[in-house]
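To keep things clear, I will list the structure first and then write my remarks on it.
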């Protein structure tokens, strides 16, 4: 089997994780690592002596043997670098958030479609064993109809100087929601506050409203003394609590739910009556493989087999649209509609088996 | 010392706790228990054979020896019962929320002022040892300037058929915030959802904005598989995490905070730079006395000594104003201003020592 | 249905809980409360005005209408008071530990047998919903063969001045083990230490060895800064973790276990090979009724229907025998055999349904 | 500054961690990696292309430029490999447990002394930031006199086929204790059980008795469904709980303790009276540097500066003596004395500053 020839651009905070995982994937030949800062390249050279390092992105674009480019640079450069890569007929994996605007995302989607190239966004959590296990429970209908999605991702800092806490943290949770629910929200309300006097919000709360009374809420903060990564997903049949930081039983599936009886004449007004059910909890085991390893393998599959990525450009576009609208709501104090069109339809239930595929 | 003669009306969910605590207070003579349901009274008779039971509220109003009436009936009856009690020259302790509307609250406040009677609202948490200890830390300036207040109170519900989850759960957290911060919010945004088809929200998120970028957020739900009662209070110097359900270390005070340096010319734009500090955590011990016992003792002090209650009618009014505006925001989808006037000014830092006073 | 006439002797730490539960049981007429300290009686009179109080135990013994006596006095008085009660033809419920010596326990068992009276020991935990649910899982064979039982009960203690930490805390855990496993240990090793210079151990570790390599271990301490009540019960098929202090999921049943393959010739020595299995965890719901309420109801059933108590005198004897041997091991530094005979055979699997029985 | 030339032998479970840390230390030239299995070497070659790999240990011994050898092979080979290395004038860092017998340990200590070589044992936890922080609290006298040390290290195991759970897990906890307390136990009791029919205990409990009523207890198991790494250290003034698996606040220092008053005549017998004190808890921050990185740097310091290692050969000998005696106790059922002599005196309080030293 031939190896996929890959170059990575951007060796900052996340880049080295991508580099390590592409380096260790046996179906990949990691050919280039590119960054503007020579010191960062020197460090990587010592670690990966067989990989070429360059400060010149053009080296990657102009190498006809290179199949794919992985972009892990600051957000404001994503569009330009990805556009160049696609135009040079390279498959692309781009760090989240996909771009700084939904217009840019849409352009990249169109360009990749036109050229028949793989365009994938690094929404890593969609490849986490716990999230995939939750996806399985939802797909099997274990939860019944989904009633709400509630997410908390808070900690003490890294304060960013160019983007607010929504752009920094919310893509994780929005992409998990997008993957798990496969539904598109209609409106967004966002509130928040900036305490540094620089106009960059460090705390934000986002509410998404869907059809059918489904509600999603996201709490993101750089100002919490405790680190929390928790989700609650409530259905009519079962409810899930997912705590990414607990050492054991990250996923807990509760046999709890509500049932709504027929309207009754109560106190001379017709109301529905709600009853709830409390049963056992179970905590499933799940695949402990590093999420990024699964993702890299899935990217290789998609490029080699022409498969559509779980977290394709359209999912990146959907997430950026929500964040744009959320930021507009934050500035105006008004709820905002989230645009939808045929381009970025949500994922249907898909049989995702990147690990199995890998072993072929 | 003479005993305070007290009657309690309402023997539903919370009433029996009030009855027990008034019964056990040595400065109180619990004279009456009143309810419309004779079976409930029969049960209490067996337990407290020395107390008179009656289905007729008039018995309490017309007894010239009775000093005070405690109202623990459904919210919609609070105004009428409290108005009658004050008009009959009885001091009043009323269950939360104080009334179903802020107009009613204001009327009661005026009536109590006019008659020189004690009007207190049963915001129990203000008397909880943990909350009082947090209050002490804030008053001493340990936290510096308060940046945010974040509260979560969720569980698998008792679904109410007449009020939504805001009226049911939020008074607890709003009254804790009111007591701890002593500041009045300017605007409120609320979002939420109803899943029972009866128009009564079972999940709600409330954001309050204050001056000085202080932000408060409240998550209340009847639909969570896990029971959570958590608060985060962030200051420039220290931050507090308060978990009411953990068996140990409910209060954790983190020596963590942020400092904002002078604006600097960074990348040719002037921005403030934020740094943060991570130090030790400490968890103070606190008074474990039952909150309701402390509150009952404080009510007795207030009546006997003409002291102003911590949770007086004005605090009840402030809480109801916030909830009214929150519900309006929920219905309209628009942020709402919260009315303020001279009547309900927030509490200043006050030297609260109900336990010490009791021992006189 | 006629009521059981009951007297309680001893109003110290635990007595009031027994008094409250007997008072509230509708099949009981709580006739007497007895204590040597008149002030304690005065307090209870105010609370339970219909109950006779007395400092004279003889009043209970000589009342021909009294059916049963509940003994909640210091351990050293249990034997004498129970012997007098049984001799006066009263059924007896006695606080744990049953007596200060196994010889005394055996005498009481023989006396109760002779007279056909109910003799029950207040091993409260055997009536706790969580423990009964674990018992169910073990009886159904869910755990397979039991491999070990490990218990930790530590806190910053009430130091006793007359008994050591084994006599104070271990009866809880030994009685849970006795109830759950239904097996009798052969030998005991105990170690410990005394830090107060009074010869009374405040930390102790007890190991019990059974047939079939079953091992049980108990860690009891008055000197721990954290309060812990945890048990692990390991079987070949499943394993249980029981944490009595966690607010949720006190019982966790792990689908984990080991299997031992046939001996193999490894490195020229014959050894068995061990493999282990890691599967899901589930946490069952259980009856939340107060354990003492269930126990009191069970006692009433036993007296009225001549039923054999779950925690009969023989179980009390078994627990005291283990503690006697453990203390001897502690003093001598040597392992001790635990005497067994026909008198105190362990409980077989019995269909325990005190709650169901109660509703008849 | 000249670099230390180092070779590592053994590339199994732990070896790769040592290799990575020696490779990344700038004062080290990692020259050799040695293992009997060529496949393991091949894997490492790809990762560290500049390092020589060999299946022949003699290559390391005979290289006159090589300064030090790191031994991470199975325990039974430690003695022979370390003896050869010291005889070839190489400094040695050997994996724990140091050797399979105390006699072998003593021989290595003598040999290293004779040759003036550094002999250090890889008791990694002594270099963990949390453990060093606890050491600091003890050295400053914060805890007062130490009363007890209690350790739990349990999980669902890697069952070993050649050594029991004591040899596998207890060295971690014994070395932490040895480092923290600096005292030598007098006697050991051990109990345990084997469930695999191969004579290898999978559960064991060890009690150590010291002078002055200090007691230490160790619970080690391969058969627990939950993974636990917890320690309690109690002093007369303060007490510490250390949980290595909790994501936050691993170290909690409780202002709790006991005080023993003068003997008093209570109930006509003279007893000491114990009172206890409950105050705040604090959780200090600590150095998060990887323990093995600190240890490797300390080893380099010791070799280059002739400094005595924190975890020198004598500490290795002390740990093995305790384990030998514990295993004898396990087999005989009798408590065993632990030999002491001038060779292996416990560490006195030493000013340990490996990180500071490193920056020279």
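Read from first to last, the chains carry the letters A, B, C and D; within each, the first residue is number 1.
What we mean here is this: a contact is a pair of C-beta atoms (placed from the backbone, for glycine too) under 8 Å apart; a residue touches a chain by one contact, two chains touch by 3 or more.
These figures come from a predicted structure and were not determined experimentally.
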Most distant chain from chain C, judged by the mean position of its C-alpha atoms: A
C-D against A-C, pair bridged by the larger set of C-beta contacts: C-D
Cα-centroid distance, chain B relative to chain C, in whole angstrom: 42
Whole-Å gap between the CA centroids of chain C and chain D: 40
For chain A paired with chain C, centre-to-centre distance based on mean C-alpha positions, whole Å: 53
Multi-partner residues of chain D (each touching 2 or more other chains): 226, 252, 278, 281
Of all residues in chain C, those that touch chain A in their complex: 249, 252, 278-285
Contact footprint of chain C on chain D as seen in their complex: 147-148, 150, 154, 156-157, 159, 161-162, 189, 191-198, 200, 202-203, 205, 207, 209, 213-215, 217, 219, 221, 223-226, 232, 234, 239-241, 252, 254, 256, 258, 260, 263, 266-267, 271-274, 276, 278, 281, 333-335
Chain A contact footprint on chain D (complex, rising order): 49-50, 226-227, 245-248
